[in-house]
Amino acid sequence: MSLLETKKLDAFYGDFQALFGIDMHIARAEVIGLIGANGAGKTTLLRALTGLLPAVSHSILFGGQPIGGSRAEALVKRGIAMVPEGRKLFASLSVEENLKLGAATGRHGVWTLDRVYGLFPVLAEKRTAYATTLSGGQQQMVAIGRALMSNPTLLLCDEISLGLAPVVVADVYRALPAIRAAGTGIIVVEQDIGQVLRVADRLYCLREGRVVLQGPAQGMNRQEIAAAYFGAAA
Amino acid sequence: MIGALDIVVQGLLVGGFYALFATGLSLIFGVMRLVNLAHGDVIVLGAFAALFLVQQTGVQPLLCVVLVVPLMAGLGYLLQRAILNRTLGANILPPLLVTFGLSIVIQNGLLLGFSADSQKLPMGHLTIVSVSLLPGLNVGLYPLGVLILAALVIGGLQMFLYRTALGTALRGTSDDPVTIRLMGIDNRHIFGIATALSFAVAGLAGVLMGGYGNFSPAAGPQNLLFGFEAIIIGGLGNLWGTLLGGMILGVAQAIGADIDPGYQVLAGHIAFLAILLAAPRGLFPRMA
Amino acid sequence: MRDRAAIVFGLSLLVCAAIPLFGDNGERQLGLEFAATLTLATLWNLLAGYAGVISIGQQAYVGLGGYVLFALTVFAGMPVLAALPLAAAACGLIAMPAGRLLFRLRGPHFAIGTWVLAEVFRLSAAQVSALGGGSGMSLPIMSILAISHSRPQRLLDFYLLSAALALATSAAVAVLLRSRFGLGLTAIRDAEAAAASLGVDVMALKWIVYVITAALTGLTGALLFLQNVRISPDAAFSVNDWTANVIFIVVIGGIGRPAGPLIGCLVFFAFRAAFAGYGAWYLIGLGGLAIAMMLLQPQGIVGFVEAAWRRRAPARAGV
């Protein structure tokens, strides 16, 4: 049974339809790459999965249970956590306070404050600093750590390399194997195709709210991806 | 000389009341950027709740706090969840207009229940006991007690906000009410908690004020203005600043009253406007 | 269909407006009050609905206009009709620095600040014995008789003046909103940050609207208290009379809609005629209605009707 599965998932912003019949699935400890141009619907899909956007109940199944349209707070308690686009750290809280808030659901698992500091040692030194005084890469680590503190079974990462230097991006992505080892499934939204091909097991490419390409990352070639990405006639 | 010192001391002592008026207002604004125009009326509601209890049971008014504070907290939570949560958003008009309407409803509801007469909670000698520091310089123990209590309440709130998980959740919600939901925290509930706290402090302020000065159904707006002025003078986002702001307001009013009793409230307003001119963000602002 | 409804509505309005011309003193009084309230509502709608400036202290200028008129008449011996425009000018002049000062506060804090200003005016007026202190003052008989020796005639004159003011204000606001200035205002209302980034000087526009509104509000106040012959601090600067009612009217009618104030006034006066006898219950009902309106139908009656019309007749090409 998949960890999460969507069946003909539609999503709307008011009258505007942003997703058209998305079918996707992810298994435990699997890493899925979600790619597509800006406006293709990647963030929209993540928002629907985390309950920030309404959806038809049966169009999203988590552990076999219909969760579409559930409130975000409830979904975090069930084990879906998101590292939001732009990090969205709490500006008036310290690094440690941000991390501790992530544990507010009280879910148990391998991820504790110490374990997160173990994954990102630099954060331990900066634990009392205001989250927004950190560098971009460090802030990204806090955002990931914060999501991990809820011990999710599914982690959604929205553009975690955005605005970061390649060296820093590598640092951030180095954390993925440890997360996966805990059995967590990860959906990674990325603009950097090369990065995605390195970390993902399978790939979905979105264009204008539809899945236009999917398959194992291993077998994909750049041309296929570019064609799907930009919609150029082959 | 002693006369001047006495005026300043009287003003400082009254500041505790104003700080209590302001604290609830400040809390709600801090967490959800909402200004409750009915806040002054909520304070008066607390006073009338105590009056009702006293009239029905003859209990010592100060003890009413034990019942009034939790009742007001519950009322605040319900009001936020049922009505005020629906007004939150980018537009500042709905919360202003809804709380303005609420103010009118509360004032007239109290009018129906209690008549327009001026009331006072019967606390007897408690409110006039004073200690003479110097000849001509008397310190009322009741207002002093209120001032100390205001400091304790603010200190308690600070500890709650900075040392507890729920307090951290409130501060996080104030930063980003959407992302807080990604922490598994229901922002609607957090807003309710904030308003519950606000109403609790307002209820306390009402009971304390009710024994010291007169109150009537129409007395609400005045309390709102005083609380607001204390906040702006002290600086947005700073509860300790609000305590100071309340004391400064009190001193300004005391000076005005000394010139002519009719100038008391006016002097406070003018001091507020003067500080607004000289230091628009208040004396110790903390909010962006 | 829509045009026919508008014509019928317009004609009925004209008929209603004509009643005080032939009616009795009571009807003239009511007509005057309606026209003055409509003017105040139109101005508040301009301020809040178009410029996005929420003020709960416009009573400051209602009272100031009244007191300036009385002061000029009593102390400078000025004929009442000459004093009217001066009252308006005085309010505009005072609003200039007042607005500058108050705009240091943002949003809801600005709103309370306007209330503080009104309180400053009220308390100050009560302290000036030349103005009658707390109990107020009356206009001298000579000044009143100078307008006309017959009360019905005076009431008629006042009614015509206030109706003219209401009409002029509505027309001026309509013209303003179609001008470049008005475009800037609508831009502010719809998306303030975007407007600012396009070079619209948001604060300057808001300030200008605040000052103009203050002047015209003052003129209305002067007219109201001229008709009343008596002024006192509590009546002049009453929140309930000059702000609460006006806000109710604009909210019920439809904020930011041209027809909002008129519809709101009609509903308010009807409501009042029917229920004012119930005292505090009436006010609770008013407050409750305003709350319900804001929660359920924030666009007011006009917004509701417009939406219904749109559902009935979806976009017609070329219309």
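Some observations on this one:
Per-chain numbering from 1; labels A, B and C assigned in written order.
Definition applied: contacts are C-beta pairs under 8 Å (C-beta built on N, C-alpha and C of every residue); 3 or more make two chains touch, one makes a residue touch a chain.
Quick caveat, the model's predicted, so the values are computed rather than measured.
With centres defined by CA atoms alone, the chain at the far end from chain B is A. Highest inter-chain contact count (C-beta pairs) belongs to B-C. Averaged C-alpha coordinates put the centre of chain A at 54 Å from the centre of chain C. Chain B and chain C have centres, each the mean of its CA atoms, that are 32 Å apart.
Computed from the mean C-alpha positions, the centre of chain A lies at a distance of 44 Å from the centre of chain B.
Against chain C, in their complex, chain B makes its touches with residues 29, 34-35, 37, 83, 86-87, 92-98, 100-105, 107-109, 111-112, 221, 224-225, 228-229, 232, 260, 262-263, 265-266, 269-270, 272-273, 276-277, 280. Touching chain A in their complex are the following residues of chain B: 165, 168-169, 171-172, 174-176, 178-186. Interface residues of chain C facing chain B in the complex, by the touch rule stated above, are 48, 54, 56, 101-102, 104-105, 107-109, 111-113, 115-117, 119-120, 123-124, 126-127, 239-240, 244, 247, 251, 255, 280-281, 283-284, 286-288, 290-291, 294-295, 298. Of all residues in chain A, those touching chain B in their complex are 50-52, 71-73, 76-77, 81-82, 84, 88, 90-93, 97-98, 100-102, 104-105, 146-147, 150.
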